[in-house]
Amino acid sequence: MNFASDNVAGASPRVMEALVAANAGSQRAYGADEHTARVEARLKEIFERDLSVFLVATGTAANALALATLCPPWGAVLCHAEAHVAEDECGAPEFFTGGAKLVGFPGRLGKLTAEEIAAHLAAPTGRPPHQVIPSALSLTQASEAGTVYTLDEIATLADIARRHGLGVHMDGARFANALVRLGVSPADMTWRAGVDVLSFGATKNGCLAAEAVIVFDRDKAAHMAQRRKRGGHLLSKGRLLGAQLDAYLADGHWLDLAARANAAADRLAAGLARLGCRIALPVEANEIFVFLPQAMDEELRAAGALYHPWVTSSLPEGVAAGEGEVLVRLVTAFDTAEAAVDRFLAIAGGQAAA
Amino acid sequence: MNFASDNVAGASPRVMEALVAANAGSQRAYGADEHTARVEARLKEIFERDLSVFLVATGTAANALALATLCPPWGAVLCHAEAHVAEDECGAPEFFTGGAKLVGFPGRLGKLTAEEIAAHLAAPTGRPPHQVIPSALSLTQASEAGTVYTLDEIATLADIARRHGLGVHMDGARFANALVRLGVSPADMTWRAGVDVLSFGATKNGCLAAEAVIVFDRDKAAHMAQRRKRGGHLLSKGRLLGAQLDAYLADGHWLDLAARANAAADRLAAGLARLGCRIALPVEANEIFVFLPQAMDEELRAAGALYHPWVTSSLPEGVAAGEGEVLVRLVTAFDTAEAAVDRFLAIAGGQAAA
Amino acid sequence: MNFASDNVAGASPRVMEALVAANAGSQRAYGADEHTARVEARLKEIFERDLSVFLVATGTAANALALATLCPPWGAVLCHAEAHVAEDECGAPEFFTGGAKLVGFPGRLGKLTAEEIAAHLAAPTGRPPHQVIPSALSLTQASEAGTVYTLDEIATLADIARRHGLGVHMDGARFANALVRLGVSPADMTWRAGVDVLSFGATKNGCLAAEAVIVFDRDKAAHMAQRRKRGGHLLSKGRLLGAQLDAYLADGHWLDLAARANAAADRLAAGLARLGCRIALPVEANEIFVFLPQAMDEELRAAGALYHPWVTSSLPEGVAAGEGEVLVRLVTAFDTAEAAVDRFLAIAGGQAAA
Amino acid sequence: MNFASDNVAGASPRVMEALVAANAGSQRAYGADEHTARVEARLKEIFERDLSVFLVATGTAANALALATLCPPWGAVLCHAEAHVAEDECGAPEFFTGGAKLVGFPGRLGKLTAEEIAAHLAAPTGRPPHQVIPSALSLTQASEAGTVYTLDEIATLADIARRHGLGVHMDGARFANALVRLGVSPADMTWRAGVDVLSFGATKNGCLAAEAVIVFDRDKAAHMAQRRKRGGHLLSKGRLLGAQLDAYLADGHWLDLAARANAAADRLAAGLARLGCRIALPVEANEIFVFLPQAMDEELRAAGALYHPWVTSSLPEGVAAGEGEVLVRLVTAFDTAEAAVDRFLAIAGGQAAA
């Protein structure tokens, strides 16, 4: 019953098998291996266009590199106030951009609103060169609040960004979870909606450590290879990343994995709702934010359930923990067993019944 | 017959098996897993002291983080002119230090000499604050020229560094190869000889992607955790690194692997010497720098042998390619088969005989 | 009638005369001149303690250097959302700190409140090393809203900061204006209240280009000389800065200059109030934020008056421009002539009468 | 008898008078003043073309900003090993470029040679992205060794640079001294010979603190305004820089000043040669490197003469201090009195006679 994070799982068996298979024999170093080449081909097919791919081992690296290509040192990245890039990467975007600013917006349910971004960009600013230049918009899909931007929302935000000269980044640490939930194509959820650079996450959804920075317009990827190397993110034995992602992307495996995580989240959320727990935020990916009665929380923890209490400003207006309630985050993964969900619910239910 | 690099191999079977085994079940994220904990314990035992460990996926990251803890932005790192940190990391040390200088010295056979470092540090400098402050000495063990510093050489250099207030870094991308060759203890080759921070390499010697920054004096590791996170080098599923290194270090596996690579290098070098090829530099680890007759070189390449032509300023005085000769680098690894060596020699021999 | 900024004035005659006098003859370069030495002695006397002084030519340089000594790259500077360091320096603090975050708070009347800072620092944060570390608190005295922190307010904020391990910076671009208004000693308004590093402004108050970074505890100034040089802020002919500040500080000249600017602001504010204009923020230094009827605004501009329309979130609750009103900022300086104030009021009055 | 540096002088009387005159009245801030506008116009006329100008207070700032526009963080600046940018700016170019490398060449008589630069750029490098990319060539005119590049030398070097995609920077801290010596036009010595960005020095030659970064091709100056502001180098009272340079450039004043400094150097060098002292390097600007007999050196110092002993690798082959000799640097300035030169020579002569 580990719902602490989708980082507590290992890799999916298929990904692991591929890695074992790829381990044999010699391969060219530094990403010139055949696995990485296959990943690039797969991504072009999946995204229905030419594009530039840079594999890295962490989401923080992917985000920081992506933002650094879009935003100069004297620029600003507009993002949600609770975005991972703003709050949870110890300043990696600032480091890789050479000192840009991340400007956080309160948003709504974890998502930026067109209104706040449009207002910010339309506001009178001082004369150059005293203010930093808004240069990138960063959307997290799915968001830190477990919600998902609709295609329209993405397109509207990207359009505002573009009209003001900003590039658009999507932090897709939970890209597959959002995609499966929306039931749309990867192309529709990204470049067709105006996304320039994507952090394509795979680690949380069935790899051990594998992310891809995807730059849809090759011209905008200039010197990304240098940035990655200089950041220490070019793996010598590139097959490690290539083999994972090759298996991840093959035969829609990545979508199956996300579907499983999402289904587990739905089952868990539905069960908790049935028990009378208030779900705090719409469950649109694989994260559940829910208010638990304190006694239930204690009982669950006593039974060995793992998850984090949560503090967020993204709750719907008027929604807050009641007396004796605690807000917690429950995260499911591709490998979350129905049995674990049901056991969690049974314990919670025993307590709810009590 | 792939002698292009020790990066073209995969992981050793034992390391791979450990990774597969570690993949099952939940583990705490971000390096709080049990594998990583075991690695830390093993390293303390191996190095016979308390120390601080930070696992990362690349040698460039390990080096850049290590140098950043020793050298401020206004500092200088003294290193060999052909050191990996100076020449092959696209400025990663400059990036992580915030713009320090790497000052390269010609050395001798790929190794810094006490004379040149002592002379540099003793030279009159301008008044502060016009010049950067020499802050770190970086030794590569084994060196880029395939040579190995003796314990005395390390201690002498470290002592000079220390007397001038510099910290001492060892780039141990081929640490095990050097260690096995010298037949000394890890402690003797590092902190007992004056090394402060070690980039402990494992990727080239049997892992897929696993390096450790080891800070011998915990006080000097302040904020390394932040530096690593901010550099995007904290893996969420830390077991990937932990499991590899755990198996690598267990039961002297790492030493066996290095011994194999070194033995293959010796066999290859001896064979080539027998064929009349001039070995350009002492073979002290798992790299051979050798002059091949052009015809032999062509024959080998035609037969599918892979290796790189080489340009270096580290050759002994007076040694240079003769007419019709080409300098090449041959690198062996833990998985270099005797058969591959022998086949290589047979082809070379056929040509030599011709 | 130039009320656009206190940057539109030149230097005070006494400062200029001192500069002319100092121009003759040879002086040691790079701040080793006798004028700079005298400035250091004067500041020690004025601040009643030993301290470290670093002269620079701009306030942006002073602030950025000051913050860089207090805040590491993985740190955060807490400041008012409208602080100059956050909004008007094109990311200079981010540049000099190596990519730290500036976290802005709404404050009240342009000033940080103890409540918001205490709440922020008391809030639960994630586990290290995912979040940046709050490292410095930056107060602007006088504030961007023309208000002044009381000694109690400074001490309370500094105390909160100190208890959480933060250093305290004061941006004193208008230090003298605030000091004269409070009628306290420089020591009381700074280090005795808990300030660690002060950007001591003089440019706006009678110099041409002269600021001092004052570090009250010498130990905290380590490597500031290198930071300044490396930032390009060590003047070769240091007498330029030394001579200005020497005259500025002599015989309380700086306090007289500030008193004149403040008096002009008071006269202007009082006159406008008499004309029925609503003063938007307390006039506590040399800046007036006032709502002008549109017609009055137009008349004044037509008559050649210079000043900026203003947008701020620092207005008291409930205070906003009414219909037909425009919020403007009027800044007085040491050389603002009573005649200019009176002429401005006369024109405004004519319009008010109309 | 202060020959320590051309930084020990103040400003020329005409420059100082202009500054006093410019001090009166209001001027727009941040470089929008009329003096700065006039400087821009003058420079366009002097350089016979359209160009972009950015005034700053120090040569270090000018150089660092110039190099940052030409060289990305993953780039290399090729320069003389003893160049000011490499040795005497505490890493300012590294800071402003975001961590680029400065690669020093031994040159000859303080000047880069076409041979060494061509050889470096023609040498085989590793595959991208492992090595930094040579991005800028920086020439110092006059050089640190007091020598001057001929137009042909500049053109040849710039041509090599251009053919390899490098931008060309000229550090003109002693631009006027070199120009007057060559007797050529500013256009010929810069953009017509292939220079892209010039650090136009004025401080050493009659200003107090005034330098200009001149970007000949406006397109290459993109975001220089942001870089300058962010570096803390945009003066609020821009008239300080504008007024100095306006007077400096008017009526060829700058050329007269340089001619005076050069003449003083010639007189001093000729006198010393007559006394039998060996001049170590060609005197082509306002610096003399000369071997003094130890006794003469002591006598001169006893008499109050100020100058620096010198260490350099730029001496002609085979030239070195003999026994009992000391290499010293003597620098003249626009205000060096003939009487001071003659007194110096008289003392030296007395000793020579002895």
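In order of appearance the chains are A, B, C and D, and numbering begins at 1 in each one.
Just so we're on the same page, a residue touches a chain if its C-beta (ideal position, glycine included) is under 8 Å from a C-beta of that chain, and two chains touch if they have at least 3 such contacts.
As the structure is a prediction and not an experimental result, all values here were calculated from the model.
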Mutual neighbours - chains that touch chain B and chain D alike: A, C
Separation of mean Cα positions, chain B and chain A [Å, integer]: 35
For chain A paired with chain D, centre-to-centre distance based on mean C-alpha positions, whole Å: 52
Inter-centroid spacing, chain C versus chain A (mean Cα positions, whole Å): 42
Shared-contact residues (touching 2 or more other chains) in chain C: 30, 73-74, 89-91, 95, 98, 129-130, 132, 226, 229-230, 234
Chain contact graph, described as a line, ring, star, complete graph or other shape: complete
Chain A partner contacts - residues on chain D that touch it in the complex: 30, 72-74, 98, 128-130, 132-133, 223, 225-230, 234
Complex contact set, residues of chain D against chain B: 73-74, 87-91, 94-95, 97-102, 123-124, 126, 129-132, 311
Touch list for chain B against partner chain A, complex: 2, 4-5, 7-11, 16, 19-20, 22-30, 56-62, 64-65, 89-92, 95-96, 203-204, 208-209, 226, 229-237, 239-240, 306
